[in-house]
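Per-chain residue numbering starts at 1, and chain names A, B and C are given in the order in which the chains are listed.
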Amino acid sequence: MGTLAERRIGPPLLKAEQISLAFGGVRALSDVSLEIREHEILAIIGPNGAGKTSMLNVINGFYHPQRGTITFKGETRRRMRPHQAAETGIARTFQNVALFRGMTTLDNVMTGRLLRMRRNFLWQALHWGPALKEELEHRSFVERIIDFLEIQAIRKVPVGQLPYGLQKRVELGRALAMEPTLLLLDEPMAGMNVEEKEDMSRFILDVNDEFGTTIALIEHDMSVVMDLSDRVVVLDYGRKIADGPPDSVRRNQDVIDAYLGVSHD
Amino acid sequence: MEFLDAVFVTPFASMWDNPEFLLEVLIGGLLTGVMYSLVALGFVLIYKASGVFNFAQGTMVLFAALTFVGMLEKGMPVWAAFLVAATVMTAMAFAIEWVVLRPLVNQEQIILFMATIGLTFFLDGFGQLVWGGDVHPLDIGIPKDPLIIGGVLVNEFDLVAAAVCGSLVAALAVFFQKTAVGRALRAVADDHQAALSVGIPLKTIWVIVWAVAGVVGLVAGILWGSNLGVQFSIALVALKALPVLILGGFTSVPGAIVGGLIVGAGEKVAEVFWGPATGGAIEDWFAYGLALVFLLFRPQGLFGERIIERV
Amino acid sequence: MLYREAGQFKTSYAADQAVFPIRQDRFLIAAALLIAYVAVPLLGNEYWLLTIMIPFLVFALAALGLNLLTGYAGQVSLGTGGFMAVGAFATYKLATGFPGLNIVAVFLIAGVITALVGLLFGFPSLRIKGFYLAVATLASQFFLIWMFNKFPWFTNYSSSGVISAPQRAVLGHFYVTGAEANPVDKYLFVLSFVAVLAFAAKNLVRGRIGRSWMAIRDMDIAAEIIGIHPLKTKLLAFAVSSFYCGIAGAMWAFIYTGGVEPLAFDIDRSFQILFMIIIGGLGSILGSFLGAGFIVLLPIFLDNTPRLVGLEIPVNTVTNLQSMIFGALIVFFLIVEPRGLARLWQIGKEKLRLWPFPY
């Protein structure tokens, strides 16, 4: 057919192959393989406890799977620390907001630029010359993100005092400040009202559109998933049970069973 | 070369040559360890139930012992002095809950920790203002004769101390497992919010726990004082109990006991056999070094469960 | 003068990020520096300089060091005294081993040596957190003090174990250490060190390094996920903090007391510095100064009050009463404002900004 979305989407950016992860005797993921393609918005859905968050944790190096490999930008790795994942261009937000509560909105978003700030310790202690120049360059970049997310008014407010919806937005801002190639969003709209959800959906689409960022997100609200995503992967009990465009996944019998709780025998 | 020899060869050689002596040292150390266990136990009880790292535990031990010995000096019989001291510790628990804990509820742990340091200063000053700063000899009739059991020299006093600690721990175990208050305590230790939501009165629990820790401190203080007299240095035992805590885990009662024994035995053996090579007095930091090395391999402590971090 | 920021518009990010973005703050800091550099040396007598101002500045420097580690990077340390001792002994060994070395260089190198020691004792912070780490830092406290007591090499084989600071001067003939040193020279020397280091600390915490420290403090997992290397960041905090504490220890021994002895850096010292930053304000540069001032002045105040009122109390009783009042005040302060004097100052400024309206 050749819709706009399909022409935009490129080759696989990240490949997870046969990932198995267990905690003691509990299997969180068994033999899951999935691809994330360049510039797409991939939704990972599934009932509670299906292993969605575990999958994101594996992708950004927070959990180390017992089996399986991750290939990102053509490089295959087995074990990796989260900060190394960040260095290769993976950013992420969390199900329960994980902001730095003691810092202001501006400082939180600025932390997203830390990896790109290079001036050494002595320049930092002087806060002058190259260090100041660098600081100001990043400040103006961050201000663009602040404008984009419409959070100018809360720039100097400590994030601990902000309402939940705004905190989620600041967290997205921090992830965007990293200029990631791959952005992982863990339930970006949990606990939001309809209006906030619409705002957040618009931001996600804009990020994908304007910056060309590849996005993988976990979401429970099916209407949001169907509207936003190019492709949907369904997990259930740590296994992948479906993978494809939203429409076909919606009609998939396994998926319907998983959500309605048909017994597997 | 000489130094290496003194560190790696001589100590083991002398242990091998004279195993009875090693055993005596070990037993002596274990019995000191019992004291550390008791102080650590007080810490653990309070930390479990109220999340407070109670730096004042050592001073509470001193204060309890001072009160006890003060009553004896006024001519009271031992049982009455014990009752009075236990009552004072309970009253103190009420006061602490009322003056310190209640206004600071929901503050960060470091703030509560600092508050207990403030409490330490206060009790130090108060105790010495009331009872004076001298050494008070304490003798409640515990025998102190040396015994030879199977060729090994043991002090009777140490055996009594071990027996007292053993029964105290057993009594606490029964209290925690079998009584309604004990169950409530464990519930609070597991999850404050959940305990509150099923109607467990948090403040009462705190008072009980601080009072129990005070009485445990009283027993520790009496034992320690019978050995060395009641004096200011008792409060410093608390510093020895801290490495016990990291070894055993802040929330584990068995950890406090086993950790105390390990620290007691370990530092005695180290002092006796390695002291000469290193100039002595390594007791000051040995326990910390031991705990630190141990933590590098097992960050959750002896009995802690493996921590799975979630995001 | 009114404390208002209305009308002071920032037209560039540079202006918005200046150290003191509000004009009145710049005025205040200039006034403080003027008083410290001109008025205090002119008006202060020897007693004031030697027993109040110099210890205040030395304590403030140590508190600043601990605040970087605990208040900004979130790693609670009870080993401050030990690190101060490293600075003091390193200075002594350097000053006696290389008599020609300039005293400023001696202090700085001693700071670097302390930083390296701090780095070493910071390694456990990778595996352990919170109170476990706090207790682990006591290991450094006890071990270091034991080491300085046990090995006579550190005291150049002096028989008493107590050693006095040799005579050293800056700029040719201003003696700042040793028996002949002039109080005003000493004071100005310490003041300059502290002022420069405080400014550097302020710069560090408002840039890249400070943000990565605070990120680790507020949520270490999230910090790692945005690319902060946890061990490197924590170790840097330990090193920088120890650098400050080392120089503070060196100044304590060489300039304040004039002699080096391990007892001056025991565990009580560590707690004293921790008090300063909690009472002054965790995560605040200004708080380190306020806390140091409070802890230095309080005992002097408690000492003199009974005499002023005309009461004769035995010395022992005074000591015990002091201990009680000190303890009670700490609890009181924590209850009234757990975020410290710096927070009270901030609230005061907010009120002033809105005055005469309540909000």
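Definition applied: contacts are C-beta pairs under 8 Å (C-beta built on N, C-alpha and C of every residue); 3 or more make two chains touch, one makes a residue touch a chain.
Note that the coordinates shown come from a computational prediction; the quantities given were computed from them, not determined experimentally.
Student: Which one of the chains is closest to the middle, using the mean of its C-alpha atoms?
Tutor: Closest to the centre of all protein C-alpha atoms: chain C.
Student: In terms of CA centroid distance, which chain is the most far removed from chain B?
Tutor: A
Student: Which chains touch each other through the most C-beta pairs?
Tutor: Comparing chain pairs, contacts are most numerous for B-C.
Student: Take the average of all CA coordinates in chain B, do the same for chain C, and state the distance between these two points in whole angstrom.
Tutor: Between these chains, centre-to-centre, one finds 33 Å.
Student: Averaging only over C-alpha atoms, locate the centres of chain A and chain C and give their separation in whole Å.
Tutor: So the centre of chain A lies 42 Å away from the centre of chain C.
Student: Taking each chain's centre as its mean C-alpha position, how far apart are chain A and chain B in Å?
Tutor: The mean C-alpha positions of chain A and chain B differ by 48 Å.
Student: Multi-chain contacts only, two chains or more: what residues does chain C have there?
Tutor: 221-222, 225
Student: Mark out which residues of chain B touch at least two other chains, giving numbers and ranges.
Tutor: 309, 311, in rising order.
Student: If a residue has to touch 2 or more other chains to count, which residues of chain A qualify?
Tutor: 62, 94, 98
Student: List the residues on chain C that touch chain A in their complex, please.
Tutor: My answer: residues 13-14, 17, 19, 200, 203-204, 206-209, 211-212, 214-215, 217-219, 221-230, 236, 283.
Student: Flag every residue of chain A that touches chain C in the complex, lowest number first.
Tutor: Residues in contact with chain C: 60, 62, 81-83, 85-87, 91-92, 94, 98-103, 107, 110-112, 114-115, 117, 119, 121, 124-127, 131-132, 135-136, 139-140, 143, 174-175, 178.
Student: Under the definition above, what is the set of chain C residues touching chain B in their complex?
Tutor: So the residues of chain C touching chain B come out as 76, 124, 127-128, 130-132, 135-136, 138-139, 142-143, 145-146, 149-151, 221-222, 225, 267, 271, 274-275, 278, 282, 316-317, 319-331, 334-335, 338.
Student: Mind pulling up the chain B residues that touch chain C in the complex?
Tutor: Checking each residue of chain B against chain C gives 53, 99-100, 103-104, 107-111, 113-115, 117-126, 128-129, 133, 239, 242-243, 245-246, 250, 278-282, 284-285, 288-289, 291-292, 295-296, 299, 309, 311.
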